[in-house]
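Each of the next two complexes has subunit A plus one more chain, namely subunit B in the first and subunit C in the second.
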Partner chain A sequence: MSTELIKVTINEQEFEVEKGAKLIEVCREKGFGIPSFCYYGDLALQASCRMCLVRIEKMPKLQTSCTITCTDGMIVTTQSEEIEKAQRAMSEFLLANHPLDCPVCDRGGECELQEMVMDWGDLEERFVERKNAQPEKFLSPIVANDPQRCILCKRCTRVCDEWMGEEAIEAGNRGVNTVIGTYGGWLGCSQCGNCIEVCPTGTLLDGVYRHETRPWEMDQTRTTDVYSSDGMQLSIGSRGGEVHRIVARDRYVNGLNGEFLDVKARFAHGFINSKDRIKTPLIRYKKGGKLIPSTWDEAIHFVGSKLKESGNNVGVVASSRLTNESIFTLKRFATEAVNSNNYAVSDAYDLAPFFDNLSAPLCTHKEIRHAKTILLIGGEPEEEQTFTAKQIRQAVRNGGAKFIVVHDTPIRLAAQASQFIHVNKGSLDAFALAFADQSDATITKKLGAAQTEIDDLLKTIGETEGDFIIMFGGDLSAEAQAVLANVAGSFASDTRRALLHPLPLYNNSVGANDMMAGKKPLEEVLRTSKALLIAGSLPEDKTDLLANKDFVVVQELFETATTEYADVVLPAASFAEVDGTFTNNAGFVQRVRKAIEPIHQSKPDWVIASMIARELGADFGYNFSSTMVFKAIADSVPAYEGLRYPLLKDESKPVQAKYSPVAKRDLSNEFAALRRKVEALPETSEKITETPRVGHKLHRVTTMTGKTDQFHLLAAGNPKPENLLVSPLVQFNLDGTPRLVEMAEAASVNVKDRIDDKETVASKVVLK
Partner chain B sequence: MSIITDVIQSTVAVIKGMRRTLAEIPREKWTVQYPDDPITVQPRYRGMHLLHVDENGKEKCVACYLCAAACPSDCIYIEAEDDPRPYEQRVGRDERFAKVYNIDYNRCIFCGFCVEACPKDAITHGYNFEISVYNRSDLLKTKNDLLITKQKQSKNYRVALSSEDVDSEYKEV
Partner chain C sequence: MATAVPTDFTNQVVFTEETATFSPEVIEEMRSHLTKYPEERKRSALIPLLFVIQRERGYIDNPGVNFLADFLDLEVTDVWETATFYSMFNLRPVGRHHLQICKTLSCKIMGEPEITEHVCNRLGIHPGETTADGKFTVSLVECLGSCGTAPMMQNGFDYYEDLTVEKVDKILDSLK
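On to the complex of A and B.
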């Protein structure tokens, strides 16, 4: 967009605006409210609701302001009798088939149509004809659909296409018969739920929050996502100590992700109030015995006395799902309370090689959206860093960016790529070497790609003017990551910025790496320590190492494979019950806020760690205030210097931790190790040609997502039930097999049943 | 003024008063000997709430929370739930119904806003005013206490004086 200014007259006031600005945006910015449904910034234009009509001089009819770009000397009227008459008529038409079932509609209270009708609608409806009643049905376990409430703004279809690239939901038929529908009547997509979020009416509804409460009854708490490392900002709706739903609506939260969330962030909140949560501290007095409930005082005393026996042989393991505050306190626990250097993060992907060799600045999600060239090496952002994937898609689609994928699997995102370098299975390391050291042409043999492909790639990068982004994930070896992070800076020039973007696996992997400076590899800590304090659970394949330990303390939400080895299990609070911060993959330090009081007797992880430390005679001076913990972080972690909670208050202006790019180091050791690895690769290898199934990682049932029943059905392949009028949860067992006996009564719900309800309501109210 | 005049005037006054009293004795009496005699109230009297049911005995309430939103003393507590079964088997008239519906009569001020807010005519004021209890916590009435089908069985259930029966078990929406 150029910065040239032009003059526009709106309602007899003259304004200077940027050339090429949208008229609707300009009018709203200058304080002239214009109603609209179908307009959604960042999406393609639609102009189907025709509520944003304005009068522009020298144009024949009223114009839709959402499709008009400002031109010099334009004279616009946004309020007049003529316009109001047109808008009132439009809203009457929109309501012609809309049922009056706001009392049972889950959107009632925060519905854009409801608001617009309060402003622009007439009190009485003149249409007395019978409404085209259609029953409410399910499109998937977590998307409910009421076609009759639809006003055909097509926001959902555009979001599905542009943000997600899935085109799972589309408009069918024409004219008055248009319906929003799916292919085969069932949604087989990644179930991100963004169509639900942007729907201005109650047409698409959250099936997890279905008929639970109403919007105004809930307290909205702005906080950060606990699943993906993108640090998406969301709003937790809670009522009476229970989390009911998670949304990212603009009216509640304005984070870096806008209204975008993925299936886990939006729907997998069942674990917070799950009945399986550990309620009290549990102690196993005898090895092999049972876990017996106890009090906090007794448990802390027991842990303290046992840890004193173990002396310096205590290892501390933190999960990268915890807040920065908790991880930092656990590190202090290791170094100050038990005087040991045995601390680690239980993350499968260690970010230390990346950050130790950071030669270019970290790139934010906004920069991805406006990047010119993006190079993705390994990883699968559309399954794990969903917001990054959305930004890439939009950069390619709306920004014309060049997107290059290097992968051994044809991931779904590769369909968007301008160049896809399909390497041999497991030979991403070879690519890293070939990319960093272009002198050695023999590597490409192992790679399974032609040298010309790499030449093309380098040529594209060379021609880039603007931002060039390299992103890679944990499927590269540590040496390859170090080499790539180190080489990235050399692509920068006067007209080009080189930026790096890691693809960590967990919400606070980056923060864990910052907090636990000097951490050891997880396996080493597990092998060498006699006693262990573990916050969160270990990866399942590592739990065997816990056998034969003297003493194991686990802070967890649920009983997992790790707690089976535990001598003491302490109930920890989930992310919705604590104050703290997460650091995302763009380096943004974002607040986590307490939405509900800790469930049962659980306590935040850092409180538990400081209580044990106090029992051992070390006081961190936190006074049980998370602000004090964060101050201690800011004082001792260089990248977080000077940060305080008040500075992180506004989620629309996230604060980036100050990672300073390191000077180019001599990496000959890493190069040598990498070369050895590449030489060990087989000469010929078969390529993976199958594109992975949608949601093969997103819909995995884990300790956390498994507590939301809908995820079991998604993981079981999202089967389509016989009766769409009833929730699939009623019709299927959790493993995806049809539930035959109990299903009978629910499945006997027929269309007439549901339509009768509506007709009595609609016709009677209209005729009144 | 002599004593004689005084006596005459007083006697006249007493006779006047007694005439009025004696004249009223044979007339119809308005005083109700409550609690020995039953009492009836005016149709628009606002007593303890009634939750209505439809002609098939299904609860009319759809748990839209509008009564709770309108309530100035915040005494209504609702928990909604989804009932996917067919009409014949479910509790309420609609798929959405109130799993919990509590009115706290410690706080209720009988203003009638909830009745006005209700889009389904599911809640009205009944005519029962005998809700005194020995224990404050007993003033928290649950759905079981408020449903008209349950209240009809109570000896406190009463109807209005007039023929205009606003307390009918089911009323057209």
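On to the complex of A and C.
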């Protein structure tokens, strides 16, 4: 879009606008409300709802303002009798088949159609003929569908196609019979739920929140996603201390992700109010005994006395799901309360090699969307960093970016790639060498890709004008990450910016790396410490290292494999119950806000750690307010210098931590280590040719997602029930096996049971 | 009065992974359709290929849809979307004679409801259904482009125009 300014007259007022701007956007920006349903910011144009009609001089008919780009001297009228008449007529058509069942519709109160009809429509219906009535049904365990409420704006089909690249939902049939649906009536997609979010009516509904409460009865709290490292901004809807749903609707929250969320961020909130939460502190007085409920005072006193016995042989392990405040306090606990340098993060992917060699700025998600060339090495963003994946898709599809994938598996995102370098299984390290121009015949052979492919890639990068982004994840070895992060900066030139984007696994992996400067590898800490304070659980394969410890304290939400080894378990508060910050993979420090009071007797992790510290005689200077913790972070972590909560208040203007890039350094040690690793790879290697199943990571049942029943069915392969009119949760056990009795009952439910007889409905209507 | 064609029957499709197979000649014919379009616009060949599938398999069945999705690098839902839009594609098995009665404006004004009622009463089925002997299927379809000779219906690729009840009787007799 050029920045040339042109003159447009709207409602007799003259404005200067950018050439090529969309008329509907300009009108709305200047304060002239224009109703619309099918128009949706970043999506392809549809112009099917005909609500955004305006009069443009010298054009014969009313025009849809969503499809018009501004031209010089355009004279536009947005409000007149003629336009209002057309809009009233349109809303009457939209309501021809739309039942006015707002009192029982989940969307009632935040429905765009409802609002528009109140503003523009004629509430008296003239259409008294038989309506095209169809019953509400299920498209998946998570998506419920009421076809008769659909106004065919096709936002859902465009979102599915353009944002998710899945094309799972489409409009079938024709004319008055058109319905939104799928082949076979069942959604086998990643279940992101973005179709539900963008639906302007109650056609697609949240199957987890369905019929739980009403939108106006909930408190909305803006906060940050607790699953993905993209740091998506979302709004928690809670009522009476219970979290009912999570949305990213722009009336509540306006973050970097717009209205985009993924299946875990949107639906896997069942763990917050789960009945399995640990309610009180638990103490195991004798090894091998039972965990017995106790009071906080007793538990803290007990922990204090036991830790004193262990002296400075205490190790501290923090989960990278915790807030920066908690992780920072845990580090202080290690260094100040127990005078030990044994602290670690229980994250499989250590980001230190990446950040220690950061030779280029971190890129934001907006920069991904407008990048010219994107290089993805390993990782699987469509399953782990879903918003990054969406930005890549749109950069390719709507922005024409070149997208190069280097991977040993043909991941789904590779279908979008302009070049896919399919390397041998486990040989991404060899690619790091080749990319840093350290290649030779052995390396190329182990890599399994021809040198010409690497040359093509370097040629594409060399031709790039604009942003060039390198992203990679934890499936590369530490040395390979160091190499890639350190050579990235050398691709920058006068016309090209080189940017780096890590693909961490957890919501606060980046923050954990910042907070725990000088951390040790997890296994070393677990092996060398006599006593341990663990916040969050360990990866399951590491838990047996806890077997012979003198004393283990675990701060957790649930009883897990780790708590089985614990001598004391302290109930921690979930992300919805604490104030704090998460740092995402773009380095944005974003607020986590308390939506509900900590349930049962749980406390935020940093409060627990400082309570134990006080028992041991160390005072951190903060006891009650996370503001003070964050101030302490800002004072001692260089990248966070000067940050305060008020600066982070506006989620639409996220604040980036200041990472200082390092200069290019001598990498010969890393090269040598990588060369040894590559040479150790097997001589002959077969390539992985199978594309992984949709949702193989997203739908995994974990301690957290497992508390939402729907995820069990998704993990069991999302089986299609016998009858779509009855909830799949009724027809299947959680392991995906059919519940035969219920299924037989469900099979006897038919359409007529769910809608009034059409004839009687027609005869009830009295003509006016 | 006749009800609209039921639209939700595809919900009952039992989803299979099975993919249809075709003889080398048919595959060759399909490839010849592909050559008419640019290589990166393979999906343009969807409609001609749907005709081939229907000819070969009788109707657009699930294995056929899976085959097309593979053949054209589409999602099955894309194939479903196109196939359901056009009334000449049948997503269910149809009788030997597929009577498609035009229900759009001109035909409706010129007496389509009586024609439909008569045909359905005579055959003892609703629109969208097939007779028990598998001989006739009746569908109501959108405009077939013969408004000048309304009301009209189509059997296979043959048009019957300027219909009256007597004419319909004769046609149905001749089709037996």
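Operating definition for what follows: the second predicted complex is superposed on the first by the 744 of 768 C-alpha atoms of A that agree within 3 Å, B and C clash if a C-alpha of one lies under 4 Å from a C-alpha of the other, contacts with A are read in each partner's own complex, and residues count from 1 in each chain.
Everything below uses one rule, namely that contacts are C-beta pairs under 8 Å (C-beta built on N, C-alpha and C of every residue); 3 or more make two chains touch, one makes a residue touch a chain.
In this text, all values refer to a predicted model and were calculated from it rather than measured experimentally.
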| item | value |
| --- | --- |
| Which of subunit B and subunit C A:175 touches, first, second, both or neither | second |
| Which superposed partner A:724 touches (first subunit B, second subunit C, both, neither) | second |
| Contacts of A:337 with subunit B and subunit C, given as first, second, both or neither | neither |
| Partner chain in contact with A:164 - subunit B first, subunit C second, else both or neither | neither |
| First (subunit B), second (subunit C), both or neither touched by A:76 | neither |
| Touching partner for A:184 - first (subunit B), second (subunit C), both, neither | second |
| Partner chain(s) touched by A:104 [first = subunit B, second = subunit C, both, neither] | first |
| Subunit C-contacting residues of subunit A that also contact subunit B | none |
| Residues of subunit B touching subunit A in the complex | 62-66, 68-69, 79-82, 84-87, 89, 93-96, 119-120, 173 |
| Partner subunit C, residues of subunit A touching it in the complex | 132, 134, 137, 166-177, 179, 181-186, 720, 724, 751 |
| Residue numbers on subunit C that touch subunit A, as the complex places them | 4-5, 7-8, 10-13, 15, 62, 65, 74-81, 84-87, 142 |
| Footprint of subunit B on subunit A - complex, ascending | 102-104, 108, 136, 210-214, 216-217, 726-727, 730, 745-746, 748-750, 753-754, 756-757, 760-761, 764 |
